[in-house]
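Following this line, the structures themselves.
Consider the two complexes below, in which chain A is the common component and chain B and chain C are the respective partners.
Right, the complex of A and B next:
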């Protein structure tokens, strides 16, 4: 299982990546959309965990670009907004989204769920 | 109620909403970092309990990170508090540098904010009689426009140039191309008209500025309108108490 975490809050995803590694999930990190796209060109990921809003690109826009590189890639969105789904325009019903602060066990559960459903 | 007051009410609500949304987002991010860091500390404790060697440097690093984020949280709340109190007095002698810094700080919570640097030149900056809340909104709207033009990697330089007994210029300039297509927006035009400030643009030099006169007749008129509005509101409240 290989995942990529994308968020401009560097401390947040660095810590998250460490915690996932302790649980046997290897996670690469990217602080910008461009960095995520570059890494996706070099590595095949199973799941991308994306911040809904980042400087220069939205989570949805990034999803579209990464899907173009790898149609099999699964996505989980992370939002810092008040209510999950609120003002997250263009998210479709089948998209998975979690609110910050994250419950890591729940995140791992979602990762395994979406990779099982294929 | 005058057109200016109607606009201030409606626009004020929108501005308040937008700023508070970005502040709540910032606070959530801070709490998310603290949450992950505490989670990581707990993970380390679990590993130690399972027999692994205690990793003190990592614990120390976690604590330092938490302290930093708590400080960041306090700083954010401090800005939020300043912003909340900026409506206490609708028209008053306003420190322009303080107002500018607050507007920059509030706009920095936006995900697309560029890097901003202030330099202050000329004589000591003065306070001017103005509507601080509306002026904050004006600077905020200008910054948003520039952020969208130059992107999050862009740089904005702001100079505050005061001229004694005359007014103060707030000059926004960019080292890179600044497109002024669509500027000023209708909202900005309206705010400028109400405040009685002057807007100048120079796309060739990648800069724009607002000139805030020390004695704006528009502000004096607005102050009178607001006093009338408060008087009317007070009378309405007294009438409803007596009825």
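Right, the complex of A and C next:
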């Protein structure tokens, strides 16, 4: 399984990637949307973990673009703006939302869940 | 009964008197001085209604007074004229009879006593009112006499009436006592004997008969009819002025053939006086007929009417004032209620705006904090992982423990920021699927520490079978926060707070929040939903909590009721529709 973490908070995803690696999940990191698009052109990922609020391309826009490149790709959204149930019309029910600060065990659980059901 | 009466008086007592000073609310009132508004309204309306009433009443009084006066004058004048005509006729008739006797009989016939007695008898029979008859020569000697008194041979030379009798052809005297020492009137006719000398035929008028004539005109007790002479001496007894020969204070009347009416006083009491000089075609008498009526007695009917008018006007004034007070109170109350509602809405809007902006600020802060928290979280997690995955430090409990404390602190911060963000959302009016149990748990989490410190037992009994509600979660949350806050303020240490949820039917759920606190008194119970009613004077309570709660429950299409016993506890029961209609939120 291969996943990509996209967040402008560099230290956050760096640490997260390392911790996932320790748990046997290989994660690439991207600090901007463009970087994430670039990387997903080279590599096929199973899951993309996206921050919703980012400078430049937002998490939602990025999802649309990445879906265009790989329709099979699953998404997990991470947001600092409150808990589950954001009232954003662009989000659909099949997406998973997690609130910051993130519980890594919960993240791993969700990753496995969507890759299995998907 | 008394309570009922007192409560019925409330319609005259405006509500603003019960107003509790609320400095937050004052700036939003359109009218500041309701007391002034109320009194001015009553004053101006009363003035507008009562001034015309008073003016009309006064004019009415004057008109009635004038018409009564003129009626009194007219009646007195008529009575005086009629009585005068009767008295004049009485005297004239007897005088004419005497003239006829003198002309027909001649001197020789008259001085015969027997014949004179016969003549007196005939006169009495024909006319009545004569008591004796006598013939007197120029020297005042009584030549012949017929009558009941022993006056034969008396000389009248020195009597005042005799001189008058000689002087005038016909003469009627005043009332005097004379030789017989009884009040009487003399009628005298002067005539000439064959030898050219003068003699007088004198008759005495029966005063009793005269008085009877006068009395027959007395139509009521308050009317006094009598005769006076030119000097104001009574010639017949008077009810008001005294007995015969009493000198009265009646002013000297100027001679007139007409009947005259004037206003005067008798012993300080106002009277209407009618008078008329009694004269016949042949002779002027010394009598003045006077009719005296006490005005007060005559005015009795008018006074009674005036009393009725006074009562009617008095009752009308009271009714007008009552109606005006009621109308003013009603209008000012309505104005006050509208103004109060406006002020409360304005205040609530202001508070909502403040809350909203504080909420927005809190949301911003929470969001900004969440990112560094995420970094701390992951970094600390990474450090923990490093240690956890390395065998040499895996068993070092101290390091793991410290890192766990960092992670736990981050977790707690995360919970707080999540809740802050949750509250911000209550300003968005949006219907969402809400799990009642979760909302209750969220609200109670704020009081977790407090309940632990104070030893308050909190029990939540909400079965999982209750379906998710479709409602405004923010409002529901606010309702619960207010009620739970109140319960926490009411209970003492070791008190209990129970939150029990149940489904009543397919459309409604019920939530009971009961505590074992101090309870609410019966008086306060009726007012707790009123805005700005607060028993927490010392604790700076705004008195808005329960009224907002009440409003919010209504907005969610539900109902709220309260049962409380002082010293035992309070129980709030809320029923809410499981699925709220959109229009109910509008």
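Throughout what follows, the second predicted complex is superposed on the first by the 114 of 118 C-alpha atoms of A that agree within 3 Å, B and C clash if a C-alpha of one lies under 4 Å from a C-alpha of the other, contacts with A are read in each partner's own complex, and residues count from 1 in each chain.
Please note the rule applied: a residue touches a chain if its C-beta (ideal position, glycine included) is under 8 Å from a C-beta of that chain, and two chains touch if they have at least 3 such contacts.
In this text the structure is predicted, and so the values were computed from the model without any measurement.
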Combined model on chain A where chain B meets chain C, clash or fit: clash
Which superposed partner A:68 touches (first chain B, second chain C, both, neither): neither
Which superposed partner A:9 touches (first chain B, second chain C, both, neither): both
Contacts of A:54 with chain B and chain C, given as first, second, both or neither: first
From 4-12, 22-30 or 220-228, the chain B stretch with C-alpha clashes against chain C: 22-30
Common ground on chain A, meaning residues reached by chain C in one complex and by chain B in the other: 9, 11-12, 15-16, 18-19, 22, 53, 80-82, 100-102, 104
Touching residues on chain B, where the partner in the complex is chain A: 21, 24-25, 28-29, 31-37, 39-40, 43, 47, 65, 69, 111-113, 151-153
Chain C-facing residues of chain A, complex: 9, 11-12, 15-16, 18-19, 22, 53, 80-83, 85, 87, 99-102, 104
Chain A-facing residues of chain C, complex: 363, 366-368, 370-371, 373-379, 381-382, 385, 389, 410-411, 413-414, 418, 421-422, 424-425, 428, 430, 432
Residue ranges of chain A in contact with chain B within the complex: 8-9, 11-12, 15-16, 18-19, 22, 53-56, 80-82, 100-102, 104
